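The chains carry the letters A, B, C and D, assigned in the order they are written, with residues numbered from 1 in each.
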């Protein structure tokens, strides 16, 4: 009845093991994935997509920027769109548990020789801007402007009736390094893909803070790049409805993959691309992961049901394309193994 | 405000038109597609698929035969499985409105020099066995044994909770000839696919008697062959559930296409193959077509949303494979045009 | 295996039986319940309810009148709202199968000494205005203006995403007389409620033309009055969503009963009242009834699951209130029995 | 942008305020509500209800005891049924984050002069048995036997396809005292009901650890008594299906309230009673509450939408009945105010 992590091999051997014991005393307390800022080339076109089609609510519309939230979110924004010449991912935002956690976070990143700054960020309290081990820009904050509660103003729910942001998924050139970094930060592993050779290597990891399958996930690939933002709907019918809407209102080319079910996370999902190619996953039906002794699920890289419990193989674009971070160099991945395309 | 069929061109020109005026005074009154008899090679294996997995109810289990019905059906059977050396489609069953309609039907088929017989058929009243213009075996009956009503015995609903048989879909070597034949029988066109050249040719037709999109459909292809039986579920979540069940209980290879939405018929659908390769379509969300002046919808053969409003292209097997009818020669189709695979 | 109606007792005895053989050769061919015209006191207020809240589409907005249709309807209107000093039901509309059926209908009503007229009716072809045996105003027509097909313009579907009109339900002072009248017209009985004494009396009947549980229903009560219009949704979640919308946008008092499930018809339902008190039933999940030999289901007046398979007892208003027809006297019912309120 | 709790009045005044600052440094770390042990009088009858009807999975069946879990649960049990002469609630189980938390918990309860013991509990690791301020029996543990993962063995999902335990709801004679006790333990308030007089009093509180609306809730009433166990389903259709099943398989009298929507928690719910009268709430569609600065929602005791956003008033039994804890005296509540029954 010992927790799974107490059954890991001793330290000497463990060095060769890809999966670590979770860090239950992290250097600072991250609450959850909170928001993403995206650079887009035409704010009007993005507004049509996110607001008129998907049903996002506008918290603020400012020159050159649009702040959006989903129906249950009381925080001011979970997506920030900022007009720019090139479409890039600007920053990934995480909420921490207190103002003190911000200072502890700044110390921790500084000790790792990573950049730290506290710029003024609209609609947010004190905000730490930094980067992870691969240069991926992160921001941490504790307080944000609060907006009107729309969850029970049902007449305003439109499109996919997206409830909230769920997670952020990134390509990394080194899954093991990213996993180790975020594991140290206190993110906990729930599921992972491993290559099948002896001393198998991590191919992808799903890690959480808020108690479901993930707040952040990493997949082996040219990176760092943002693969997608995952947003949560109340059930599969909201996802089927947005398929119907997109397919009949000019957004058929923006539908990239699904709806199908992942083996990993058990999610019923749909991947779509915004007008600049940024990828959104509509996502529902994963499970509760708050138990500290919840044993991570291992999937073999050669098991196609890992990606697609049922449904159609993912297209090439889904494996290869992602949003680069502004001015962050992209490197080739450490691993060369290729995932088996489903069926 | 004239009905669409009164706006068809005059007879002389009409000869060149593929679409006819419906026959509102048919030679006999077909009520609906009622049942299909399939030859299967291993009744136990078929029972596991239809009953244990899909949730069909057993009306009778006899040596060499299994009679199945869906949850709302009070008729004794909508699928008959009969053990045989080879997997074939045996006969397609239609219900007529009265005993007199059976005699009128026999006359009509005889006048067309098609075979007619009234064999004894278990669990059915007087039954006319005949064949259509392409040799496809048909049977017509008015009365059938009635079984216990299970619709409100919800605890017995299992699997996909299939409600009832909906339609029969066949390959025909000559869509125009099949359409003309069934149009004369009183089946009404609701949607059709046409080639795009001047004097476009019918590629596929959907025709009904019972008041929704179809009781029978024909697609251009090597035929006659049964493409699939369509069965109706109460909504998309029953279809998603059976995907989950099949994908995790050994039936993943039996999932052929979908779930996706057709443009034609507006159906949310899933195509599966039984252990002998017979194809079943789980089908929901089409619309009411009882209005005699309902104008058929035309789709271009080059419009991919016709087949797939959204979702994935149909696999090759879906275009090419079907169940042959026992001892009925299959011919190459009249038309050589190829449908554009979606996206 | 004889159809149920051939097992009815001989004529002499049958006179005492409430249930008759269906009329398979009706005097004229009614296709389905088609539309209802309602007098309302404030068209703006009604527009807010039907269009902004429920999601009805506007086919025409004319001085003093609003023509509405649901998402799958290609006919111009299924609800006509006409501004007037008093809120009444104006007329109940049925589609017939041809122009000739209109003439046959006029003959039949005239032979029964019921009023007949062919007034000009906007957006409809030739229209017969008449009344049933209780004075309930009816209109019959064959052609109507056709409107743009919205079923696959999903981005325009709002509110309850109502698909189409389903049925009309009325109070009658004499259920047996109403049943006999509509049975002669060719409407077929699917379910009925009967009192329990020897020689039980009909308390309520559900009768169809289009192939599901009903186009028209009658319940014992002060009448003739319109009890409700039944409109069909694609599934229960559309009904739950409109509950959420109504309860949080000022329409909570308009929610009268449900959502619950009826035993009769198996429908999942919600009853709401429009701003003038006209009652709408949102309705889904009944079953196919096209088989001529489908035996009607008998329910005892003392069985509460008849009305409420599960859920809450109907409120008093639901049993007692209805829309009067303009200038049509209302009589007390023949039967004095009171239905048992569920649980 | 200060968190709501920093806007609470100063201490002197705060004493008169019912709502406190959350305790972000609790004496020990409770992860979530984990399980409930119930005494039942006939284990076979309970098995029929929980397993055959609701679809619970059996983890162990031992003489006099049945251990049940829901489809996503990997922990051995979330409901333990133990046969006894009288039907009572035996203990409420909570998972803590580590073995050390158990010792810290024992210290904390001991310092409050509450009983502590570490009895051997089958299928659980070290388990602290204690009681709260009202004598309500609690148990805390860190490790439990792990069972086979059934979430993706969809063919085994039956009945309501319950996913997991969600929360525990109790009557307390003193809501303020219970709130203060659990607030000190680190449970965080998400919603509350307050009386309307100046210096309003807490009538009911919803408090969480795991990040949704609640792990535990308290309502003013004769107590301590268990009001209900809340269990989570993937969506409303699973709840509607179990209504259909229960209403048609002999469990209609066990359906107490709903399905309707609560204003509080936004849950779509159904309350049922097991064969011994223990109450279960099937519950879905609340929201994420992990943000430490999430401001609790206040509801007035006189607002009927608090309890019933829409739907029917709760029956008297729902307000008055609950499961007593074995040998724990029940006291009358401090507050005499009566909630307004909805509508």
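The rule we apply is simple: a residue touches a chain if its C-beta (ideal position, glycine included) is under 8 Å from a C-beta of that chain, and two chains touch if they have at least 3 such contacts.
Here the structure is a predicted model, which means the values were calculated and not measured.
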item	value
Greatest separation from chain C - chain, by CA centre	A
Chain B-chain C separation of Cα centroids, rounded to whole Å	31
Distance from chain B to chain A - Cα centre to Cα centre, in angstrom	45
Between chain C and chain A, distance of the C-alpha-averaged centres to the nearest whole Å	51
Touching two or more other chains - residues of chain D	152, 235, 237, 244, 247-248, 309
Graph class of chain-chain contacts, one of line, ring, star, complete, other	complete
In the complex, chain B residues that touch chain D	53, 152-155, 235, 237, 241, 244-245, 247-249
Complex contact set, residues of chain C against chain D	236-237, 240, 243-244, 246-248, 252, 255, 259, 261, 268, 305, 309-312
Chain B contact footprint on chain C (complex, rising order)	1-3, 24, 31-32, 72, 74-75, 95, 97-98, 125, 142-146, 149, 151-152, 163-164, 210-211, 234-235, 263, 266, 285, 287-288, 290-295, 297, 309
